[in-house]
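Both of the next two complexes hold chain A, though its partner changes from chain B to chain C.
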Partner chain A sequence: MTATSPPVNRRRLGSLAWPLGFTLAVILIFIFYRYWLPDSVDQVQKFVADWFPPAVINQCVIWVIMAIGLNVVVGYAGLLDLGYVAFWAIGTYVGAWLMSGWFFQVHWHIGGPPTLNKAPGIHISFWLVVIFAGAFCALWGVLIGAPTLRLRSDYLAIVTLGFGEIIPQVFANGDSEHLGFALTNGQQSIVPIDGIGTGVFSQLKGVNPQLGVFDLPYRFLVFCLVAAFCVFVSLRLRRGRLGRAWLAIREDELAASMMGVSLVRAKLSSYAVGAFFGGMGGVCYAVAVGGASPNFSFNNSITILMMVVLGGMGNVWGVIIGALIVSWVNLAGLSQFGDWYNNQFNTNIDFPSYNFLIFGIILVLMMLFRREGLLPESRTRLIMREPARTELETLGADIEAAEEEDEVILEEETEDELVGTETTGRSDGGNA
Partner chain B sequence: MTATETEPEVPAPTPTGNDALRADDIVIAFGGLIAVNGVTFNVPEGGIVSLIGPNGAGKTTFFNVLTGLYRPTSGNVYLGGREVTGKAPHRIAKMGLARTFQNIRLFNLMTAEENVMVAMHSHLRSGIASTVFSMPWQRREEHRAHDASRDLLEFVGIGKVRNEYARNLSYGDQRRLEVARALALQPKVLLLDEPTAGMNPQESAQFVDFVHRVRDEKQVSVLLIEHDMSVVMRVSERITVLDRGERIAEGGPDDIRANERVVEAYLGKTGTREGRRDK
Partner chain C sequence: MTSTTATAGLLKPRVRLTEAVERAVGIAIVLGVVAWIIYNFVDEPTQCFSVMLTGLNNGALYALVALGYTLVYGIIELINFAHGDLFMLGTIFAANFLVNWLGVDTRGLGPVLALALTFVMAMIFCASINMGAEFFAYRRLRRAPKLAPLITAVGLSFVFQNIGLKWNGSAPKQWPSVIGNNGITIDGVLIRYSLFVTLGVTAVLLFILTYIVQRTKQGKAMRATAQDQDGARLMGINVDRTISFTFALGGAMAGAAAVLSVETLGTTRYDQGFQFGLIAFTAAVLGGIGNLVGAVVGGLLIGLVQAANDGFPHGFGQDWSQTVVFTILILLLVFKPEGIFGTRTTEKV
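Right, the complex of A and B next:
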């Protein structure tokens, strides 16, 4: 026990760096927007309002939640899901149904805003709705997954793509004209959505009992809390029995099943966990934009997938960074850069309309030069950078003998060895 | 060589109560091609049995029926007295049938220890909630699993590399890791599919002792598919020979060595049969 303690402690410390950094960044951003920005000079205010508006920052956090959710499915279990937007849509509409006056026929109030005590509709506290929507989406994940997850890679991708198309369509056509009763508002939005109750925190100075449309920095904190929950759950699951099974499935499905892993159950649970996060993110989205409209499309699924791939599949922190970059570029960065460029060079190019072109180019460049993503799992980096040892040995090179010699000569300079293997890999690739 | 010719010569093994693994009259047909034709076969508890035969004899197909990858066209498989025919592979694995693969199939990007722990999956209980909340009993279970996997890796002799990724292990160590991973299932029967492929004679010789040690210390029955005759003859208590989907002989190493049909069908591959064809 004592012999194994030190490395464990070191690992604990190392693994705390990212969570602490995440928390610190959230607090700093909050302080910046809440306390510092309102008192700062006009130029700063203008710059921030142009490039980093608080509403955009909040939406970026929601994209982060989505990306973390998809990472469980794509990054951990290696299942290609092209219809993740389905869970986003379900979550958003669950949020809208349970936190608005949409179902005016009933008066259900559970911890909703006290000001709406007499109002018709279902008004349930945001905190309950977030959990409920997650569970509801997880249930749908299981329902959708049960028949489809028996399929393998490409077929699975196609079927998920189908569900990703169907579900937003259901919401788009869920009005009284098509359904006979108004499940949704058709192409229009369900508005308005209740604020976020702050409970005991409303005692603090400056905190409203209900976080409304203008309490953006506080909402930012709430969304970050949801994101943190998703990160926490991801990391915990990843290290446990289920996480190992997911990884094993990603590595070798057949071998995993021969080792007693029930493929369907393991895949379903990854799908359900991913859907849970998607549902939570969906509710946050409904609150953030203040309504639920059926403008979900395949593009959203692809964008989330891109965040995961760009950030580094399987590594939560990488995925967060990927999501922040992509969503910021999408929501603010590109249009601001376009304005700046057009002003500077007196042109009239509509930059935001080229976003997928730009992301396409970035993806191609990534695949050429950094296939493993910006911040990959250490294990993924391995496979992308070095050929496997047995693979090299079958080439006829007597690596083992060479390594032993190297060890004698270089002793601790393992780095050199690494470079050596890498070049071998490259030349191999060149020959092939 | 038809079935009628075979049967009087090789009587079906008498069913005993303590067969660890038993296959009754297995037939596997792929369309019109009969890969395995009415093979009856058993592995006695605590025994080391080899399945040999020339290439294309149906050994691996037969193996795949035992592990649940194929459903036999007819016939039944019993594991420790319980029928497992047509059950899903992960269920059969959980019931006590573990295997290694002819061409190593480790989880390459997982450490040696993680590889072993994956195989403990079906014996661990913790679900999503207990893992997320890190319940005390979940932590204890994880701890036990860690210790058990460490012990298994020590047992197969690769304790030092437990935190290495499987893909970085040497070929021999990967073979050992496969055995450790299979043992983590706490199997009744261990199926080894050409375990000495790619080993040098010295390693193969060590392997014979290793199989005996596994059998004795882990109380498993062992079924081998093997091409290396020196290994087969030294390790096996009983040998079953398949040729073109049929069981042509069964017996101890000496019987098999002396069996004319085996020599003809199998060892004759390099001599007798080729010679006859030339005539």
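Right, the complex of A and C next:
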């Protein structure tokens, strides 16, 4: 923990680097879809509508939120969560309950879109619902985590998996036929869900008071704002006391507890934070698809896990890139590539049906050959490459490995000093 | 976590209290279930008995698959997520082998011999796939952090499932049964002959497996490797081969379960394996993971519980089947993670 902190002004600019870059990228994409695309030539419009439709871009952002959430649990704290879809489902249904006419018996209106002031049901402002759903999921995360976190790590994976199987089934069976009252709409979805109220921005030209299904570019901005919040929180937490506790647990639970890290509290908070993000993403998903249906499955959990593993566990930027790649391939890329390939070579191969086969193979190959992911966090790379301590000792190779490690650390330190930008995971403790 | 002697002394009674509360809650749950079962039996005895027989049959299948989980977990502490899907591949292979390749769809002496051949082939098939997975994937990850082999197993599960999808098609397929659906009827309850076959095969396989693990040299090597890999290596045991052999045994059990499943349930479905595997894993945990007899008892129990839930007049019904099984799993892991027959172990350091 030697303080090799660069001068203050450089660090300050460094911490502004990602918000600036993020905002710039979001605004460019927004301008492209909102202003440039409708006026462009037909060919460009067709290409974009095929390969990068705005609805798909919005869903990709939601997957990004999910992946950032799972990254807190899997990447930071090293707890394998195979039932993350449970929080997604809870978030989506909380969104549907609080932003629709589902509970028509009551008339609750808190900051909802003014056009719905007379409508029955619960209509609460999107922003409040996002926060509430996050908190609700965090509560569930703690509830499910509290009794199980003292178990061994692989049992934990199974318990979360079971939880991820139970929750969607509860929602699927939540109609009046099974429960006696209509908690959900059973296999049908709860529709419609309110749009996002725009408040003062509705004075601007072209902005509706309520962002409906076709206001995709504006919704994109909203989802990106939620994603930015998740990025901000996870980056800040990562650098703080709690984040360092997570990393310590991930790397060596026993050593961490000996150093005074409260295992249960740290693990529970990682669960809660991950679930919080999942809940927020769930509400965004409900708004994006305009309904809540119980078609959540283990595949969703694995897809999110895939994003985290592919991008690089623990590194938020890697995870974001992983999420964008995987979700785009899933939603548009593979089927478009399949169409193109079939036209080109006159074949008739059903490419989208292979996507989970491809995911499975990629997961296995990644674990075998590049365990740290595409954009690894420097720490993870070391950990994932390092054999277990006892194995090293039997091989008599610990000295060699330690030397190697030293070299890498030295390299990083010099790199850090030269570049001086904010990179996650390098200078923890430097300015805490 | 800083435990001086003073705080340890203070904490002791509190720990005992939580244990007592946990035990009370656990016993209350068990008593509630027993009361519910008795109530159902008094209400509709015939229906309950036939449901229980179905449960016994499914339970035996769960038991065989659970043996695979328990063997692999016992030796390298890996939850082999792909095991259920291996079972699924086995069912597709067995059905195709018996009906399409051997051309058997009637009953008689010839078909019974063919069925025996199918047993052998399916066991070899599943054993070689499991050994292959171990050789190509898990072996390289033996020294990696625990997360890596787990994620690999999940990935392999997806690969298997998609192979099954391409092989079997996306719709379930029906197959004729060699053993058939006949049986003897006692008081309106039909006991199928296939049930005797299933239970018999399970018992024989459990006996053989126990013999191998307890009495043979290879079994001794397995137990040694499970205890301490480095120690076993120093004693001249070929650890790689022993682990490979364990995977083969587990795979063979899944293969046998696959043939029985085709014979008694009669359908193959590409997405059958995942659920089945999870339930079988629950069975393995219920019996005490690493314990062979425990896995079989756990499998039978889970089969009975699931059947009771699905078929009893006052059950929750099939729609809640998964919820019930996974709730059992979660409660079990919370209250009694060591299972019925297992011994409480602390995490290895």
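Methods note: the second predicted complex is superposed on the first by the 358 of 432 C-alpha atoms of A that agree within 3 Å, B and C clash if a C-alpha of one lies under 4 Å from a C-alpha of the other, contacts with A are read in each partner's own complex, and residues count from 1 in each chain.
Here, a contact is a pair of C-beta atoms (placed from the backbone, for glycine too) under 8 Å apart; a residue touches a chain by one contact, two chains touch by 3 or more.
Quantities reported herein were computed from a predicted structural model and do not represent experimental measurements.
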| item | value |
| --- | --- |
| Contacts of A:Glu165 with chain B and chain C, given as first, second, both or neither | second |
| Dominant contact partner of chain A by residue count, chain C or chain B | C |
| Touched partner set for A:Gly260, first chain B, second chain C, both or neither | both |
| Partner chain(s) touched by A:Ala248 [first = chain B, second = chain C, both, neither] | first |
| Partner chain in contact with A:Lys46 - chain B first, chain C second, else both or neither | neither |
| First, second, both or neither for A:Pro147, with chain B first and chain C second | second |
| Partner chain(s) touched by A:Ser353 [first = chain B, second = chain C, both, neither] | second |
| Intersection of chain A interface sets (partners chain B, chain C) | 254, 257-258, 260-263, 383, 388, 390 |
| Residues of chain A defined as touching chain B within the complex | 232-233, 236-237, 240-245, 247-248, 251-252, 254-263, 269, 273, 379-380, 382-383, 388-390, 393, 400 |
| Footprint of chain C on chain A - complex, ascending | 74, 78, 80, 82, 147-148, 151-155, 157-159, 161-163, 165-166, 169-170, 172-173, 178, 254, 257-258, 260-263, 298, 302, 305, 309, 353-354, 356-357, 359-364, 367-368, 371, 383-384, 387-388, 390-391, 394 |
| Touching residues (chain side chain B, partner chain A) in the complex | 67, 69, 88-91, 93-94, 98-99, 101, 104-110, 114, 117-119, 121-124, 126-128, 131-132, 134, 138, 141-142, 145, 165, 167-171, 174, 181-182, 184-185 |
| Touch list for chain C against partner chain A, complex | 1-2, 77-79, 137, 140-141, 143-152, 154-159, 161-163, 165, 230, 274, 278, 281, 285, 319-320, 322-323, 326-327, 329-330, 333-334, 337, 347, 349 |
